[in-house]
Amino acid sequence: MTTLATTLNGPHRRVREDVLHPLEGLSFWYLASAAFFSALVVWALFAWGCQIFLGIGVAGIRRPVFWGLYIVNFVFWIGISHAGTLISAILRLTDAGWRKPVTRAAEAITVFALMIGGMFPLIHLGRVWLFYWLIPYPNDRLLWPNFRSPLVWDMTAIFTYITGSVLYLYLPLIPDLAEMASRSQGWKSRVYRLLSIGWTGSDRQWHSLERAMKLMAAMILAVAVSVHSVVSYDFSMSIAPMWHSTIFAPYFVAGAIFSGIAALILVMFALRKFLNLGRYLRPVHFHNLSKLLLLMCLVWLYFSASEHLTVWYGNEHIEMAVFNARVHGEYAPYFWLMVACNFLIPFILLGIRRLRTLGTIAVSSVAVLIGMWLERFLIVIPTLSYSALPAAWGPYEASWVELSITAGTFAAMALFYMIFAKIFPIIAIWEYDEDVSAS
Amino acid sequence: MSEQLVPVSEIQSTDDNVPRWGMAIDLDRCTGCEACVVACHVENNIPVATEDEAAMGRSSHWIRIDRYYEGTFPDIKVKYRPVLCQQCDDAPCEPVCPVYATYQNAEGLNVQVYNRCVGTRYCANNCPYQVRVFNWFDPEWPEPLELQLNPDVSVRPGGVMEKCTFCVQRIQRGKLDAQAEDRKVGDGDIQPACVQGCPAEAMAFGDLTDPESKVSQWAGVGRSTQLLGELGTKPKVFYLEKSD
Amino acid sequence: MDRRNFFKLVGTASGGALTGACGKQAQELIPLLVPATEIVPGAEEWHPSVCSSCAAGCGTIVRVMQAERKIEVEGETVRQPIAAIKKIEGNPLDPVSGGRLCARGQAAVQGLYHPDRLTGPRRRAGARGSGDFELVDWETALSEVAAVLAGVDRRRIVYLTSAGMGTGSATAARFLDSIGAPPATTIGVNDFTVERRASQLAFGWDGLPVYEIQDATYVLSIGADFLGGWASPVFYSRRFGHMRRGRPGIRGKLVHAESRFSQTAWSADRWLPVAPGGEHALAMAIGHVIVSDKLRESDQAGESLRQAFVATDFSAACKASGLEEKRIRDVARELASSMSPLVLAGASIVRPGSSRAVTAANELNLLLGNIGAKGGVMPPASLPGGLTAERPAYRPLEEQIGKAEVVMIDGVNPLYAAPWLAGSLAKVELVISFAGFLDDSAAHADWILPDHHELEASAGVIPLMSPTPALTGAPAFVKPLHETRATPDVLVDLARRLDAAIEPVTLDSAYASLHGQGTDEESTPADFIDQARRQGGWWERERPADAHRTRTEPLGDWDPPVSDPAYPFAFQPYPTLQFGFGGESHLPWLQQLPDPASSAVWNLPVEVDPATAEQLDVRNGDTLRVISPSGELEAPVYVNPAAIPGVVSMPIGQGHGTFGRYASGQGANPLSIVDPVPEQETGVPAFGATRVRLEKGTTKQRLVQYAAVDRQPHPHR
Amino acid sequence: MLAAPRPRLSSSRLLAVSLSVVAGGLLWGQQQPIEFPHDKHVAAGVDCIDCHSGADVRSAATIPSINKCMLCHERLANEGPGVKLLIEFWNRKREVPWQRVYRFERAANVKFRHAPHIRAKIECSACHGNVAAMTVAQKAVEHTMGTCVSCHRQTQASDDCAVCHF
C-alpha cells in the first residue's frame, strides 16, 4: 500500500479522482439545496423553541394520545439507523466482497439517523430542561433514575449505540483521512492529519485496524439488535392493548433492518446520481441489496401477520378495539397503505425478476420507507387512541409544531449527509484499493 | 365488570401502624351528579381547560363519570361510575417512570411527585384507567380567581403529570392534627374532597387494613368489584355494583 | 395572662404580611397595613354559611384562609392580605345538606372571585342591551335612583325576584310595602308555583310536600328530576342514598316516569318514558289500577277521589301517557304491594296541565295511605315568625310589566330565563338591576346596583324544603371584594331617601324572632342568637303535624296529545344539574363539567333520538336548526340513544348574550324559541309545550364532548 | 430529644453556600428596609416564637406585622434610628416591606409545615442558623432538598416524597 496518489495508475488513480472530486468546490446547486435544508432545520428548531417556551401543549398530543409523532419519528429513525451498522457489520463479518463501496455510506446513515432519532425522546419531554435527571449521577438528594423503566434502558442503549457506531464509522475512515491529509494543503491538511490520529500505514497499524474493525463489527451487531429490542420494550413492557406483545422485539429489529436497507438504497441512488459514482455503486450492489430488501419484506409480512392474526383470533375485546381501528376503522387507510407499501409494492416489483430494475428498486425503497413510517405510526397512535376504557377514547391530530419538527429532521438528515459527503470520501478508498489489488 | 380479584383482606401494610388508604364507591347510591368532580377541582387547584383546549381532549379532571348507554329505547339503561386514580397496589404507571416521579408509598398511595416529573407521559400511556392528567401549559387564573387556590396544594407547572392524590394534603393534615392532639387517626377523620361532598353518600374512604373501617366493610360485601381487575393492577378503589 | 399568650393573642389579631408563596414580582410589592384581617398564613377557619345557588338553601361551611390580593392604593400597587374563601362544604348540622353539597354549590366560590364581577354601581351610557355602562359612586347612584322613584307611580313598580326566601326577600317586602309598591313577584320559571298549587289542591298544604323517600321501599316519581336539576337535589340525593343502601337488608326501588332520560331516570331501576304532558294520564291510570283492583286499603282518600280514579278510562289514559298498559299495570301492582310505597311528584318541565298532573300524582299517595307515615309524604315545615308570610309569588307578568314604570330585578335573570318578557321590559321607563354580573337582564338595565356575592353577605335563608322548620344563616365573615352593596342595605337606603324609613330584616333579627318558638331548651335571646350564628342556622327538631285535607272540587281532565304536522316534534327545554336555569353558566368549573346526557362541555346540544337523526341525516356535532312558531335557534346535535322518538330536548344553560367571559356568546338558549302558554291552574309560563320542526343547520357549531363514546362497544363488559 | 443536626461542612459546601448567599443577595435585593437587630431582641429575652408566632402550631412561621412591633415600640425603646424608621412606616399606615430570607422556590412544590418540626424538637437554628447572633437575618443554611433529606434521614423522619411534595 502506498500513500501517494500521484504514483498510482489505473483503477487506483481513477477511484481517487472520482471519489475525491466531489469534495472540491461548492456548486450552486449544492449551496442552494444546503440552504433549503438548513431553512427547514431552522424552522424546526423554531418550532421546538416555541414548544419549550410556550409549553408542550403547542404540539397536537393530548389525552389519551400522550405520545404522538415524536415517538413515531423516534422509532422510525432508530430503525433507519440499522442501515449502516447492521448491514455493513453483517456484510463485513461475512466478508461479502461487494459491500466495499457501500459500507461507509451505510455507516454514515447510522450515525446521523441516531443523532436525529436520539433527539426525539428529548423533544417529546414535557420539561426538556430537566432531561439530565434520566442520567444516573450522584446528587445530594440521593435520587437516582428508575432502572426499572424501559426509558432508562432506552437511553442506555442509545448512548451505547451512538458511541459504538461513531467509532465504527470512524475506524475505517482513518486511512482515508491520512490520505486526505497528504492530498490537501493548509488548515485542511492539519485537520485531516489531526483526525487521522497519526496514521502512517505501518503494518502494525493495519493489523490493529483490522482487529478493531472485526471486533467492532461483532459488537455493533449485538448492540444494534439490542437497541431496537429495547426500543420495542418501550411499548411491549406496558399493558396497553396491542403493545403488550411478545414478538415486538424481533418484529422491531426486522422492521428496522427493512427500513434501513431501503434508506441505504435510496442514499446510494442519490450518491450515484449526484456524485457520479456509477462506476462504484454498480447495479450489482442495488440488486444485491434489493434481494435483501425482498427478504426483509417477507420477514416483515410474517411478523406483521403473526401480530394481527393472534390478536384477531384471540378476540380479546380491549385489543380488538385497537385491531378494528387499524384494520377497518379510522386508521384503516393508513393500515392498507402500509400493507401496500411494505408488502405489495416491494414484493411485486422485486419478486418478479422481469420487473426488477434500478427504477423499481428505487420505487420499492421509497414505498418501504413510507410504509415503515406508517407502521410506526400505526403502532403508536391507535393503541393510545383506543385504551382499555372506551369513555377515555380520543383522536389525535398532529399540530404544525410536530409536522415542522418531523420535516426538519428529514431535512437535517439530508443536510448532515451533504456536509459529510463534502468533507469525507463517501467510498472507502483503501477498501476499494484492496479490492482492486486482490482482483 | 370483573370479579374482585384481590380480596380486601389481602391488602396488607408493612407495619401495623401504617394504614393502607382505599376507597369504596357504592354505585347503587351514586346518581352521577358530578358533585365529586367539582369538589375535586375546588380542592386541588386543577386548572380549567378552555373550550379550545377541551376540544383537543385536554380537559383536566382527576375524577370523572364514565357513562355508557346500554340497550335501546325504551328499555335503555345507562351504566355510569366515577373513575378516579385507582391507587393500584401493582400500579402499571409506577415502574415505567424513568425518574421515580410516581411510586407507591408505605400507605398505599400512588404518589405523583410533581417537581420530579420531567414529562415523558409514559405513566399516562400505561394507565389502563386513563386517570392521569397532563399539564400541557403553565396554568393561569385570571385575577382574582387565584385567590381561591388552595394553599395546601401546589400549583403544578406545565409539562408535569398529575392525578388524583386521594387528597394527600388532607391525609397529611389529618395525621398531623392527630399527632398534635396525641391521638390516632380515626375512621372518617380524613375524607378526600369527593367523598366529603358526595350528596348521595356513595363514597367511603379509609384504612383498608382496619377491618372495622367503613371502607373495609363496604369493600368486603358481595357486590364489590374492581375496575379492570383482570389486568392484575390490584386497585384500591372498590366499586359496589348496582343490583336489584 | 403571661407574655407568651399575650403575643399569641396579638398574633391572631394581626395579619402576617410577607409570607405565602408568591412570585418574584409580587415580592417587590409593598404590603399595605390592614389591621382588619384576622387570619394568618397556613391557618384555616371554618364559617357556617348558606348556599344561594338555588332555592334549596343548603347549609354550608366555608373554609377561609389567608391570601394576598394586589390592589392599587394611591397610585402604587400593594399586596393586601385578605381572608379568602377556599372551599365550601355542606354543614353537617344542617338538615337539608347534611354535610353534603352538589356541583353548583361547590362551584359557588368561583362566582365570588370571578374576574368579571361588577365592581361598583353603573349607569347606562349607551343603548339598552349594548352593555355600555359608566361607573358611578354609590351616593350618585342612590340619589339619582331615589329621585326617579320619588316621581313615579309607586303602584307601577314591579319587583322581580327569585323563589328564594329569607331575610333578603323579607326586607324587599318591607321596602315595597313602605313605598306603596305591590309585593315582589317571581318570573314564573323555576319558582315551583306549580308544585305549590298541586300541594294545595291535593293535600290542602301551603308549600311543597316533603317526600320521605329514605324510608320508602318503593318510590314512583312522576315528572320531577329530583336527583338532577329539580328543587333540592342534595336533600333528595342523601335520602335516595339512604333508601338504596342505608338500611340493612332493605333496598328501596325507584321507578321514574319522565319524558326525558334524566339524572333520576339514570339512577332508577326502571324508567317509564312518558309522553310529554302524559304525566297526568299516567297518574290516573295507576290510580285506576290501584282502586279498581283494590290493591291497597287506605282511609286517607275520600270516596269522591276514589271514584274519580275508578271512572278513568284506563286504556285511554295509557294511550295518552304513551306507555304500554302492561307496564303501567305492573308498576301499579308493585307500588301498591310494596311495604312503604311513595309517589314523588313535580314538574321539572312545566306544561299547560302540570298542576293537575302533579296533583293527580300526589293524590296517589292518598290512595296508598302514606300521608304522615314513615316513608310517606310529610307536610311542609313552615317557619314560625313573620318571615314566611312574605313569600314572593307569581303574578301574570307581561301585563304587569306592560303597565310598569319601574322594574327592579333582584336575583333573577328574566331576559334569559323568561326571554318572552323582553318586549314588554324594553318599554319600561326605568329598569334597575341588582345583579353582581353584567348578565342578559343587567345589560338591559338603566342602573346596576350590584349586590354582594352570597358569600360576602349576611343572610338568612328558609330552605325550599326541609323536614323540620328551618332558617339557615350566613353571617358575613369576609370583607366584600369590590365596591358592592348588599341589596337589603340598598333598599333600606332607598326607602330612607323616599322618606319611608324601614328596618332591614337582619339575620340576627330573624333569629331573634324565632327565640322561644321552637322546642329548644330555655336560653337567653343572646345565647340563642349566638348559638344559631355559630352552628349556621336554627333548626327545629319537631316535625309539623300531618293534618291534611283532600280535594272536593273536581280536577280537570288531562290535556289531549297535540299533533301538528307543521311542527312535528315536541320541544322540551330542561334545567340541568350544572346550570339550573342558567344562573351558574358564568362559572368555568361548571362550563367544563361534562353534561350528564351528552358529555358536552362549554356548549350544550339539542338532543334528538337516533331514528330522527337518521332521517335528518345528522350525527353528533352536526348543526341542527330548531324552528318553533315563535323563533328559531341553531345548536349542535347530540343523538341521544335514550331520547323519546319525536321529542326534542335541550338543556338550559347556554345562550347567554352577556354573562361574564366564560358564558357570553356560548351556544343557544332553548327558552328563546319557547312560546309560553300559561299553565292552566297557575298562569305561569309553560315552557315545555312548544312544538318545533327540525332542519339541518347552516352555521358551524362546536360540540366538544368529554367522553366521545356513548356505548361500550363490548356489551359483555 | 434529637440533637439539632448541623449541615455537614466541607469547603466546597461552604463555597457554594457563600456564593449563593452573595448571589441571592444580589438577585433579590436582600437589603432589608430596616436593619432589624435580631441579636438585641433575643438578648432582651424575646423568643423566636413570640414574634414569629404560629410556628409551633401552624404551617407558617409568619413575619410579624407592624402592629406587633408597635405593641412594644410604641412605648419602649423608640429612640434608635431603626425604630424611627419603623415609626415612620407606622405613621404612613404601611407594613414594613421585609424581604424574605428563606423560601422554597415555587417549582419545588414543597408544602413545608413548621409545627411538626417544632413538635419534633428541631431547634430553629437547625434550619435558620444562629439568628440570635445576627443583626439582620442572613441565609445561613441552604434550604435545598439535600439539607432536608439528610436531616430527615439522620432523625429517622419520613423520607417519603409525599410527606413534603404535594
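Should a chain be cited, it is by its letter among A, B, C and D, assigned in written order, with residues numbered from 1 in that chain.
Methods note: a residue touches a chain if its C-beta (ideal position, glycine included) is under 8 Å from a C-beta of that chain, and two chains touch if they have at least 3 such contacts.
In this text the structure is predicted, and so the values were computed from the model without any measurement.
J.: Quick check on this structure: which chain has its C-alpha centroid closest to the centroid of all protein C-alpha atoms?
T.: B
J.: If you average the Cα atoms per chain, which one ends up farthest from subunit D?
T.: Between subunit D and the rest, the longest centre separation is with A.
J.: Please state whether C-D or B-C has more C-beta contact pairs across its interface.
T.: Of the two interfaces, C-D and B-C, more C-beta pairs touch across B-C.
J.: When the centre of a chain is set as the mean of its C-alpha atoms, what distance in Å lies between subunit C and subunit D?
T.: For subunit C versus subunit D, the centre distance works out to 50 Å.
J.: Where the centres are mean C-alpha positions, what is the separation of subunit B from subunit C, in Å?
T.: Here subunit B and subunit C have centroids separated by 30 Å.
J.: Taking the mean of the C-alpha atoms as each chain's centre, how many Å separate subunit A from subunit D?
T.: Distance between chain centres, rounded to whole Å: 56 Å.
J.: What is the distance, in whole Å, between the centres of subunit A and subunit B, each centre taken as the mean of its C-alpha atoms?
T.: Distance between chain centres: 43 Å.
J.: Please list all residues of subunit C that touch 2 or more other chains.
T.: Answer for subunit C, listing residues that touch two or more other chains: 20-21, 41-42, 707, 709, 711-712, 717.
J.: List, in ascending order, every residue of subunit A touching at least 2 other chains.
T.: Answer for subunit A, listing residues that touch two or more other chains: 390-392, 394-395.
J.: Hey, what residues on subunit B touch two or more of the other chains?
T.: Each of 59, 64, 66-68, 116, 157 in subunit B touches at least two other chains.
J.: Looking at which chains touch, is this a line, ring, star, complete or other?
T.: Looks like everything touches everything, fully connected.
J.: What does subunit B use to touch subunit A in their complex?
T.: For subunit B paired with subunit A, touching residues are 53, 56-59, 64, 66-68, 83, 92, 95-100, 116-122, 124-126, 128-130, 133-138, 157-161, 227-228, 231.
J.: Under the definition above, what is the set of subunit A residues touching subunit B in their complex?
T.: 54-57, 60-67, 121, 124-128, 130-131, 133-134, 143-146, 148-152, 155, 234, 237-240, 384, 387-392, 394-395
J.: Considering the complex alone, what residue numbers of subunit D touch subunit B?
T.: 57, 106-111, 113, 115-116, 119, 160-163, 165-166
J.: Once bound in the complex, which stretches of subunit D touch subunit C?
T.: So the residues of subunit D in touch with subunit C come to 28-29, 47, 49-51, 53-54, 58-68, 71, 93-95, 97-100, 103-104, 106, 113.
J.: In the complex of these two chains, what residues of subunit B are touching subunit D?
T.: Residues in contact with subunit D: 103, 105-106, 109, 111, 113-116, 152-157, 165, 168-169, 172, 176, 179-180.
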